[in-house]
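Next up, some structures in structure tokens.
Across the two complexes that follow, chain A remains constant while its partner is chain B and subsequently chain C.
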Partner chain A sequence: MEVLTGWWDDYLWGAVIVAKVFAASLLLMVLFGLIGAAAKLSDNRVAQKIANGYTVIFRGTPEILVILLLYFGSAIVLTAIAQVFDPDIRFVDVPPFWAGTIAIALIVGSYATETFRGAFLGVKPGSIEAARALGMSPLQTFIYIRIPEMWRIALPPFGNHMLSLVKDTALISIIGLNETLFVAKQAITVTGKPFTMYIVVGIIYLGFSSLITLSVMGIEKFGNRTTVGAR
Partner chain B sequence: MTDDNSRPLIQMVKVDKFFGSFQALRNIDLEVQKGERIVICGPSGSGKSTLIRCINRLEKHNAGEIIIDGIELTDKVEDIDAVRREVGMVFQNFNLFPHMTIVKNLMIAQQLVRKTSKDESRKLAMRYLERVKIPEQADKYPIQLSGGQQQRVAIARALCMEPEIILFDEPTSALDPEMINEVLDVMVDLAKEGMTMICVTHEMGFARSVADRIIFMDEGEIVEQAEPAAFFDNPKSERTRAFLDQILSH
Partner chain C sequence: MSFDLNLILDSLPKMLAGFGVTLQLLVVSGLLGLILAILLLLMRLSGKFYLDWVAQVYIYIFRGTPILVQIFIIYYGLPQFEAVRDSVFWSILREPTGCAILALTLNTGAYVSEILRGGVLGVDKGLLEAGSALGMSARQKFIYITTPLATRLALPAYSNDVISLLKSTALASTITITDMTGIARTIVADTYAPYEVFISLAIVYMIFTFGIQKLFGVFERYLGRYARREE
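Entry: the complex of A and B
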């Protein structure tokens, strides 16, 4: 334990960064997932094609590669754009936080696209028809009938998506994000104790994922009070 | 809408309905007067559900006219909404909203569609739950009720909108035999009170005692319609006779 003295605060800040990446990527992931699902469910052929391309590419490429390509790719593009305005600029640095956050949100968002689409289609048509027959408008039906049934269907896979986001945060260390794994690597070069340093990282990530799992279980229980729990 | 008593409440004139190239309704002519009780029967796939679903625009007809209480059904959203306010529907599988309590199931459309206050809609909901004899289930969820109870809730939910007409699509055919009567009893009560009803059912006892007119459909057509006595004892069409032989022999 003594070898850890002096590293605690670095780990703490690493953990804060994990939490920040998680929060930002969660929002973006939901956004990408909703847009993707809406496009796939729409009648618009072009939108469908784009959404299909999106899910095929991001589900079929190694995650670490997506992070690297997005980081260096966006740097090249931004540099080119910046040079239009100021030819003296050599290189624009993309913050690893944002490149990484957007990358993992895009990856997990492609899975969320399928989850949201499945949940939309999983709502029983009977409920929807009953609402329409009662005179509820399409918007009222969507808000009061479809969404409450949808989130219950989507929640279990959505919990897995949140776990993916947290775990993928560790991958962003490869482009220099100073989250806990990055801290551990620095600590190892100084102390020469890889096992201890990596175990700390493991414990921190396990803490995050336990928190997520417990929250999802709580929400699921709340949602199921009307079905399984009510029996 | 108006008090012109001679005008039928439902008027279908030469209605056709296609699903792709498949014709589900052929040249349907049907008039229903206020207070009339109609039973529709016929083999599976004959278009019974499609016919009544056209009346509240759950299906869109392709040709002909459908006029409900003076409102013609077209693509005009306001007209469709107006018709749906006048027409209630009860489904084979009840179609209650699973995430809402029973009383909420009865309140939601009152609040959203008729803009009734929360208190008022709860009062009306409880009144109709008493009429279908299950007020004590108000705060349960649909899955906690038996099929017969769920179907009675579905009828109460339709009644809460105070419709002029109620459509029933095989309301008892998803029920265990011992629950059929509790639902039919509610429907008989409604008929006695003068509700205009169109009922797709194979409950021939109900049809004989309640219906003013029985309609037999086959392959998308109305083959025969008659009063119950004439329909059962003296069917004109060969197809009707074959159908009756088959279901009455069970």
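Entry: the complex of A and C
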């Protein structure tokens, strides 16, 4: 335990970065998932094809490959663009935070696309007919009937997507994000205690996972408070 | 910025040379993971609280931490202890391949056992009652009723897990293993052409994923050959 002295604050800042990546990628993931689901459920053939391509590509490629491609790839594109304006620029560095956040949001967003699509299809036709009978407009039906029914269906798989996001954060350390795994690497070069340092990382991630699992359980209970016995 | 086709033609055979390593990681840890998953499942179904509890804690830990952290703990972490270096397992743990297979096995075992449990819990109670009425013992019911039906129920989710295992094998490249991703990263480090190399590799992985899906599709239809139009 003494070897950890002096490293606690580094781990704490690493954990803060994990939380930041999680928050940013969660927003993007929901956005990508909703756009993807909307495209798949739309009548537009082109939009359907694009959304299908999106889910096939990001569900079939290893996460690490997407992260590396986005990090190195966007650096090349941005350098090329920057050189148009100023030929003296040698290299534009892309912050690993954003390259990684967008990468994992795209990956998990492709899974969320399927979840949201399934959840929207799971809204009972009877509820929608009832809304129409009450004279609700399509927008009102969407806000008051579809969304409240849909998110309850989507919540359990959505909880798993959130767990994937937080665990994929560890992969971003490969492109140099100074989250907990990265902190551990530095601590090991100084202390020479790899097991201890990596176990701390494991415990931090386990803490994040537990927090998410508990929150999802709580929200699920809240969401189903009025439907007890209905299913 | 240009897209160099010759580079793809040049690097694709090099990357495919790592296909054997990727396949080995997938098949060996897939099979060992399945055995581990069945063991964990039996522990959870045993009705003995101490076995059930151990399995639950195991699953909680391995599903709650990133696979990359698990790989690092095993590969970099375990040699911290003299006892590990002196033990009979050292011949396996000294090799990065052995460590990768061990980590992937332990990880996939936790996920698959939950999938199998879902299958077992999904078996219709009425069929088990029918088994009891025919005078079957608990063991007979498990072998002749639960197992075949649970296999069929769990197969779609299991095929998804085999695909995520394939994607996880790419992480072996972080501990110096020259699987397809490892070779690709070396080529990118030499040529600095992430687009050509990583995109062509992503296509290889997608074809691999597609093949796995088709294979499981055939197996699923075979297992479901008596159950068509019955739901």
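We take it that the second predicted complex is superposed on the first by the 227 of 231 C-alpha atoms of A that agree within 3 Å, B and C clash if a C-alpha of one lies under 4 Å from a C-alpha of the other, contacts with A are read in each partner's own complex, and residues count from 1 in each chain.
Please note the rule applied: a contact is a pair of C-beta atoms (placed from the backbone, for glycine too) under 8 Å apart; a residue touches a chain by one contact, two chains touch by 3 or more.
If you're wondering where the values come from, they're calculated on a predicted model, not measured in any experiment.
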Once the structures are superposed on A, label A:W8 by its partner contacts, choosing first (chain B), second (chain C), both or neither. neither
For A:F91 in the superposed arrangement: first (chain B), second (chain C), both or neither? neither
Just chain B (first), just chain C (second), both, or neither: which does A:I76 touch? second
The chain contacting more residues of chain A, comparing chain B with chain C, is C
Contact-wise, after the overlay, does A:L171 reach chain B, chain C, both or neither (first, second, both, neither)? second
For chain A, what residues appear in both contact lists, the one with chain B and the one with chain C? none
Which residues of chain C touch chain A once you look at their complex with the stated criterion? 1, 61, 63-70, 72-73, 76-81, 163, 166-171, 173-174, 181, 184-185, 188, 192, 194-195, 198-199, 201-202, 205-206, 209-210
Interfacial residue positions of chain A with respect to chain C in the complex: 56-57, 59-66, 68-69, 72-73, 76-77, 80, 163, 167-171, 173-174, 181, 184, 188, 193-199, 201-202, 205-206, 209-210, 213
Residues of chain B that touch chain A when the two form their complex: 56, 58, 81, 84-85, 87-89, 91, 93-100, 108-109, 112-113, 140-141, 143-144, 154, 157-158, 161
Quick check on the complex: what are the chain A residues that touch chain B? 124, 126-127, 129-137, 140, 144-145, 148-149, 152, 225-227, 230-231
